């Protein structure tokens, strides 16, 4: 069983890496982009029967710094 | 050390043979003759695992089979040398109590496949070579050669490689906490398919604590600690011994990943273990992993070793004995421990969250025996150790002979357009990829951690580190001069040594010893081998003449992609010593008078200017006057220790002009250079940008004039006051006058844009 | 008067020895290293959380170190009024542990920077800064030193005079909110700062000796 | 219109950061985890009508290091 926790900077925190990628992409001719934000993605393999709730606690406590980041959790069934 | 046991090679097949397919044999990178020799040495068909073991131990990377004979001619001894070539690193004494361990290592091929991880793991590897000697690493240096960033078809790839490599060296070194204090960065088209990433590490060790990788007693436990073993890097050593095809897909899967945090833990744990006297031998599992580390330790001590693969911690499932023996997973250590020390060793490792794994024992029989990880446990390899070490083949490939009379084309002249705007021309040269400031690179390196680095020497000629427990200063530098090698590899190696020594002398230190990395092409090609041989000879000759023994180094051959070889590149790492680190000097201009010490006989042929303006060079530089060099060293050591100098800088790429620019910008002082040949533009450009003279720039306060002149006379050196230190412009004669701002803009602006594609905005949101 | 100082060593700390060396070079200090698994800070006046890459800076700088048993002790020590100085990675740990507000994220320039920078001391009325000159130079060495705090938090810090160090001379090398380089807690006994005072205790090594003034201040306060 | 490009290390490439997080999480008592791998997540705002195909080219060229990483693209309609 696998979950993905996606962590991104809060909108009020500027993301210079995203901005740099946006600029580089445009310089390479990718003009369909209007914004890029870079975050982290944790692929987490869990024991059968683990609930999303438990992952929320893990994220809150460890994976995410709530001062600057937000997260969302997704079951990953590929 | 024990007597080598007499080996009886059994005729019977002790090991189940797995049969050997032709394609498997071809994948090993061994020649037909080598394959036959292995069969006859063992007297039977080797197992798959044994083939693997032979293939890596007999690879160029581990056996030095094509260069051993050349290297044997290098001067390796000296009164300060405690450990010459043959160990993980050379060791040189600096006083009765302390010694310095240092070595350079290449990670060229891995850095081409994956620049970031390739360079990161290169840093990790060379640091392990130092701390396995029991030395605490105190400095890193890097010599980087990339394809040109100027517009050509490969420039985008070259930039990416440069970006990844620099970021990796920063990330890894900074994280482990070893300052990267100096280096060099050179761009040339020839490296576009084959960058060079050479990293040097320097450590300090008490003479009594020097550790060795010699398993000299039987009946000891073999201790494994660090990362578990994965499939990564299987056959890395063989890969380093082959040339690249353009798209070598299946070799790319084997990317090794660096883990600097693990490195830091094994570094601290190893030093604790060594200082507690718990290890009889220790070596890291670097190239050729477990195979090389185990049989080298046994080989050096004339013992044998027995390993049980079912005890090795694994990261992936289903690894075969072959893969475990050949894996190059990073940050793994092997040590030899007495039974009674095991528990103490285990406790130290546990402190660092590391597990002590007992994987076997040393034996007295001279054999390497490996038991597999399948059930039931069976023997998968049994090889006399000496077949892997001393009996590995040694070759002397054919040399093509010296190219007759390197063609000399007419020297470059300025076009009339350039002549009308010499100042603009000079500024453009200043901004070019091989001349502009390297600060965008070394600013990313923590140069200060350890609080040993004398700050003003960062970005100068050689970095100076204080040595704990003494007042002494250790000067370190790394240099190469591949540009000259196109015409004369012998001369290029000489210049690399000479320039390194001048850099050491420029900070007031006495050159002490040398490590080196030979980055060359395919030794099977007689023209390439001619370069290799001439390069090694030039290195040895220069080191002998200036009295710096070679205590170690590394050979990286097959630096070719799709048949195109790199410039033959001898990289020289040098250390020097000074009595008082507080008395060092730097290029930052200060004082009243600037002097030219020595004779400046500049030539544009072979210069960086010629390379930049014409895209090629027409000759190598002139012969070296070793008497001058030795006097120069003596002069500098004396002048600096007596506090006579305010600043000093050697003249290298870009000639007087670039040296002067670096001095004025670092010192934020102006300079008025009085006597300049101004009869014609060519003479002017040659004076400013020519190279190959035997000279150094030194700055003094006015009251030191007489003393400095007298000292120069005493050392038989010509000395001429060439400029006054004044104002806020750099002035050469009547024609040329730059403001420091204009110079700074040209010199400092460019490299950043060239190699860092993703540019953040530094002064963002405030 | 002697200050008993302890420098905490986490796996991956790498400025621990530098801090010990700097404090040994200061008059009035006795210093020892404290392994992160220890659970006692008995008798200390000052605890230093040094720079480096505790736990490799994996996940986020300070994110794993903050769970180390010693950090609980440091928190109690701070509550009792003991002096706590977090330098660079130590600052990051203090933020993750909630002893100071805000967060430190990747430099706006996206790259690690190591060099001396001009700073301004904007509050000399804390135990750490009484003797710190208004204009000073200290080295920075970090890739994740961009201090971020939201508007409410910032004005609170500002109003309470808790911003003690700012990047000066028109620079903001990492893009920090309001050029913030160092802050204290409400009581003023916990200081977190990105620049490295321990690297600036000898002029030849760090290009200035301004780092000493922090330790001299504490000696006066104690 | 928004896409997310999720980038992860190939399974055969070791991930020391993921391993360190796993260890830390277990030490904190999160015992339901069996594996953690750390990757990146790019939130990309694109012009209306941009096709996934174009994002694939962008990822290949700029966002991903194909030697060690793989990626997947997802429409994000939150």
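The chains carry the letters A, B, C and D, assigned in the order they are written, with residues numbered from 1 in each.
As a convention for this text, a residue touches a chain if its C-beta (ideal position, glycine included) is under 8 Å from a C-beta of that chain, and two chains touch if they have at least 3 such contacts.
Remember, it's a predicted structure, so these values are computed and weren't measured experimentally.
Counting only chains that touch, the fewest steps needed to get from subunit B to subunit D is 1.
Pairs A-B and A-C differ in how many C-beta pairs touch across them, and the larger number is found at A-C.
Between the Cα centres of subunit A and subunit B there is a gap of 39 Å. Put simply, the C-alpha centre of subunit A and that of subunit C have 30 angstrom between them. Our note on geometry: subunit A versus subunit D, Cα centroid distance of 8 Å, whole angstroms. Centroids of subunit C and subunit D (each the mean of its C-alpha atoms) stand 34 Å apart.
Of all residues in subunit B, those touching 2 or more other chains are 259, 261-262, 758-761, 764-765, listed in ascending order. Counting partner chains per residue, subunit A has residues 14, 16-17, 20-21, 24, 62-63 touching two or more of them.
Each of the following residues of subunit C touches two or more other chains: 55-56, 58-59, 108-110, 175. Arrangement of the chains shown, judged by which pairs touch: all-to-all, with no pair of chains left without contact. Those residues of subunit B lying in contact with subunit C across their complex are 167, 170-171, 174-177, 259-262, 264-265, 351-353, 443-456, 466, 581-582, 756, 758-766.
Only residues 757-761, 764-765 of subunit B touch subunit A when the two sit together in their complex.
Subunit B meets subunit D in the complex at residues 113-114, 116-117, 227, 230-232, 252-253, 255-259, 261-262, 315-316, 329. Across the complex, subunit A is touched by residues 4, 6-8, 18, 21, 24-25, 28, 30, 32-47, 50, 54, 57-58, 61-63, 72, 78 of subunit D. Per the touch definition, subunit D reaches subunit C in the complex via residues 16-17, 20-21, 24, 27-28, 38.
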